[in-house]
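Going by the order they are written in, the chains are A, B, C and D; count residues from 1 in each one.
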Amino acid sequence: MTADSPRPRPVMLGQNQYGKAENRVVRITRDGDTHHIKDLNVSVSLSGDMDDVHYSGSNAHVLPTDTTKNTVYAFAKEHGIESAEQFGIHLARHFVSSQEPIRTARIRIEEYAWERIATADAPARFPGADESKHSFVRKGQETRTTQITFDGETWQIVSGLKDLVVMNSTDSEFWGYANDRYTTLQEAYDRILATEVSAKWRYNWTGDEARMPNWEKSYELTRGHLLQAFADTYSLSLQQTLYQMGLRVIENRDDIDEIRFSLPNKHHFLVDLEPFGLTNDNEVYFAADRPYGLIEATVLRDGSEQQIPADMTNL
Amino acid sequence: MTADSPRPRPVMLGQNQYGKAENRVVRITRDGDTHHIKDLNVSVSLSGDMDDVHYSGSNAHVLPTDTTKNTVYAFAKEHGIESAEQFGIHLARHFVSSQEPIRTARIRIEEYAWERIATADAPARFPGADESKHSFVRKGQETRTTQITFDGETWQIVSGLKDLVVMNSTDSEFWGYANDRYTTLQEAYDRILATEVSAKWRYNWTGDEARMPNWEKSYELTRGHLLQAFADTYSLSLQQTLYQMGLRVIENRDDIDEIRFSLPNKHHFLVDLEPFGLTNDNEVYFAADRPYGLIEATVLRDGSEQQIPADMTNL
Amino acid sequence: MTADSPRPRPVMLGQNQYGKAENRVVRITRDGDTHHIKDLNVSVSLSGDMDDVHYSGSNAHVLPTDTTKNTVYAFAKEHGIESAEQFGIHLARHFVSSQEPIRTARIRIEEYAWERIATADAPARFPGADESKHSFVRKGQETRTTQITFDGETWQIVSGLKDLVVMNSTDSEFWGYANDRYTTLQEAYDRILATEVSAKWRYNWTGDEARMPNWEKSYELTRGHLLQAFADTYSLSLQQTLYQMGLRVIENRDDIDEIRFSLPNKHHFLVDLEPFGLTNDNEVYFAADRPYGLIEATVLRDGSEQQIPADMTNL
Amino acid sequence: MTADSPRPRPVMLGQNQYGKAENRVVRITRDGDTHHIKDLNVSVSLSGDMDDVHYSGSNAHVLPTDTTKNTVYAFAKEHGIESAEQFGIHLARHFVSSQEPIRTARIRIEEYAWERIATADAPARFPGADESKHSFVRKGQETRTTQITFDGETWQIVSGLKDLVVMNSTDSEFWGYANDRYTTLQEAYDRILATEVSAKWRYNWTGDEARMPNWEKSYELTRGHLLQAFADTYSLSLQQTLYQMGLRVIENRDDIDEIRFSLPNKHHFLVDLEPFGLTNDNEVYFAADRPYGLIEATVLRDGSEQQIPADMTNL
């Protein structure tokens, strides 16, 4: 819409955002012979005064997505990558503070973990002595995530993980449920409970003045609480396990006010071996792909506001 | 939380939902020798009075996800599958009206299109005469989607498509953009514009009394508008093309009030052939994977409320 | 192995090959306003006198994979892309004839098809008149493939397709099979037969003197024979359908001597609706993911040598 | 071909095989409270006297793929799963020895590793004391593979791994290579070397009389040799690293005669930060997706026959 056409539009532009997605950056830091890796996938999303580019194609307010990509790589040099969260904070502050039309920046980051390759000859009893200095193997377990949002005043940091597959081979039951004419499920008093954990937790840090969490340490401890709560819970339903996982995090992490889970119930069906004259005493399971139960919920500190959006999957 | 423990919890349950995801159902309808296929992936998500199962593991309010799966298959027989939208409406109404604790049902469906295999000997001039009666090949282009949400009173139907890859090999420019110290991009006056369209549109039908859209026809026509607007727009920026696609839909489809797009800018970089003594006159391109621009926006009828959530990707 | 160490090695180098894989090249050809697209994924694999680089790290015989990538892009300009097969022939001949240590080149290409976006206002009765000149939508059905191998004297061209999903909703039975103590399957007299066709066919053209096939036309006709044979065969087993598909190709295509198929039996299980008081008269199916039957076989012209390797999947 | 049609066929059946692919079996073994997991993906492929089913659709010689699936699950109970190799040996022997028309069985298995979830309160100094008894997290690193082939007389066991991503952040060079008019690559004297290891190794055990390898221990040690050789090799080219990895295995594992690798060169390009006034001292890299170098070779004990097929990828 050009300045000289003030008549109302019958078709309006609503929420909009743009940026460069999935910038793969690997940062090596040298400490003598010993190297350290940060391996990130960074997605930038900017919004603000962007009506013109949609209505008329004028790019005057548009910092190219190519520039946002360049900024990711330049900042990896200028600021280093202390943590995914800290790196995202640098980026978000930069875009909002340096370009007037940009009002909000949201940085999403996936982080892939690496561990050092064990060397053959170092004595195992000196921790660290048996590790390569610059040779690594990708850990390959969960993907760490974070999302940094900044509107020029307030910060929202939502970190998390995905792809973390866990299983309890016992201590899980499912019975006493509602039923209707379409219910055929048999009650289970000892079943496998397996899921692939996706979790996002919101830190209560919102501004520059307050002391920032130690992002690296907080991640490791939160991940540990999730795993231990999963392992420790005698489960009557995946919803109960989910709540216990959230509860453990909120109770133990003062820096986190809210956590949301998306937990697929990865069904392991006991195979019927009767036709072959065999008894299946909770020994042989078929691991099914689809369909799967999908249990999603938010757990939050009393008095906190629910901010993490409901849908963490595209299904 | 049991009835006799009314003390406040320091850690609360927030929004929660559950159900069986990705039920793959194929429905064959016979019209004499001629068969028709509907091929769906149906995900059920239910919410309501579900505190107990999270706090204590009591499943008394929980209709098993296995039952929701059974219902999908039973309804495919009882109601048939006239359209993905109509099928989802049957399912959502059933869950909300038949189980007291369930207050809201959300049904998400992906639909895969099939076309008939052409027969060898039929004369091509009689439309349909040259098609198999019960042999099909999967169309393999876009995936059609819909999401039906029902809270017992009001319906929200958000349909769409994804995976639709389009390209204009000319009629696209990009210049006149903002720049800063990290900007190195050269202006482009004739470039390839390619994207993979993800779109979700909200129908303004919200209740049983109003006349329902013709879901099948509306989908076909909306898809056509999207493609033609993409083809017809001389583009100064992908944002402009996005708006024109939305505009075309809102102007032409009275039944749709809002549409949201997620458009990756699938970069096709002109390869530098100078080192080989060759001139690349917009002939040879490298199709890049990552990173990619990501342009997302809502376009809506003036006066309409924005209801489709902002994030259509997990990045 | 350096020249001065002629003693036998206890650990030998065997077959080896190297090159740049998955070069994504898009070639636009202009015919006035009308543009044409070729969209390929090209993988180069070279072998020859490469002992040194493995034994000692000397790269003197190694044309860098980066150079093979450059050659793909340069050749797209210099020779154009008439067909995937012809393009691969140009590349293979170049590598073998220009670098003495390279004895054999193998070029593998995937091709993605595009179709023109239909325009709104052109009269439908003039074929082609209703199509955009430079706006395209990716067809999204099968992926076309080819593999060109050249050892300096003889050519082997193995073309094919993959990802082509087909279904017969009737005219398929399965009974009369062998059984043992682990057999529980019920005989089927009317079932869905669905598969995702992977096929590779070998042309009998082996040298420059003989007249080359018309690669584009031969592909289209072969694809048609596959689909029609699938549709026309009343199937007692997927193996029988496979043979009929191969038979149809060999009988109709003089330029093809051998064809190999990998056909997953994509099971569609009839859902048991009896518990719900419903009869499933071949109407409602569950489309399963895993496990699946996997049927693989070669069909060849009598007297021809079997050259296509057995394993077309990695499982 | 039916008995009464002895005339020669102009179109012949060549190599063929069939079976059930991707049977997902999870086997739990209980040692008191302590549980052990084996998590496999088993694909069965059978061949033999199968002409009739292809030519006429007669299934008299065909043991249904459904039966091969049942056998996988029944054998998980009857024999347990000591190792993927041993389990495949049980299956292959059964199919060949129990069904006269079946001459050869090939069993392919993928294995997913799990580790115990660490418990919070156990003292870390007692190894194993700090581990859950029946709670697991999927390790998520490499996928272990094996292929067992049995023709009634001789066994071939080819085990391996895939998806193992490794990186050396220094100690890699690439220079002194051949060049032609399409060469633009700059020589590198300190680069990142990263790859995703796919390896298959053939054991020299071929029959029941000889002592079988300890499959579990041999796998762990071979994996260790691969990682250490990758870490220890100062690399002048990925081919040299590949050979050193193979050499290390053949020299250290008497039970292995041949190993083949498929090593994508996962390029990490140094980002040019000069335009921003910054120097990139091997600190900031762009991790590229496609194209990638692809280096493949076999390393074998002198005097051994090369048996592992050349192509480990579908590209």
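Heads up, the rule we're going with is that a residue touches a chain if its C-beta (ideal position, glycine included) is under 8 Å from a C-beta of that chain, and two chains touch if they have at least 3 such contacts.
Quick caveat: nothing in here was measured; it's all calculated off a predicted structure.
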Winner on C-beta contact pairs when A-D is weighed against A-C: A-D
Chain whose Cα centroid lies at the greatest distance from that of subunit B: D
Chain centre separation (subunit A, subunit B; CA means) in Å: 23
Centroid distance [mean C-alpha coordinates] between subunit C and subunit A, Å: 38
CA centroid of subunit A to CA centroid of subunit D, Å: 30
Per-residue multi-chain contacts in subunit B, two or more chains: 24, 70, 74, 182, 184, 275-276, 289-290
Topology of the chain contact graph, where touching chains are joined (line, ring, star, complete, other): complete
Residue ranges of subunit A in contact with subunit C within the complex: 181-182, 184, 275-277, 289-290
Subunit C - residues contacting subunit B, complex: 24-29, 35, 37, 39, 70, 73-74, 76-78, 114, 117-120, 132, 134-142, 163-171, 192, 224, 227-228, 230-231, 268, 271, 273, 275-276, 278, 280, 282-289
Complex contact set, residues of subunit A against subunit B: 8-24, 43, 45, 50, 53-67, 69-71, 74, 98-99, 101, 108, 110, 174-180, 182-185, 235-237, 239-240, 242-243, 246-247, 250-251, 258, 260, 264-265, 290-302, 306, 309-315
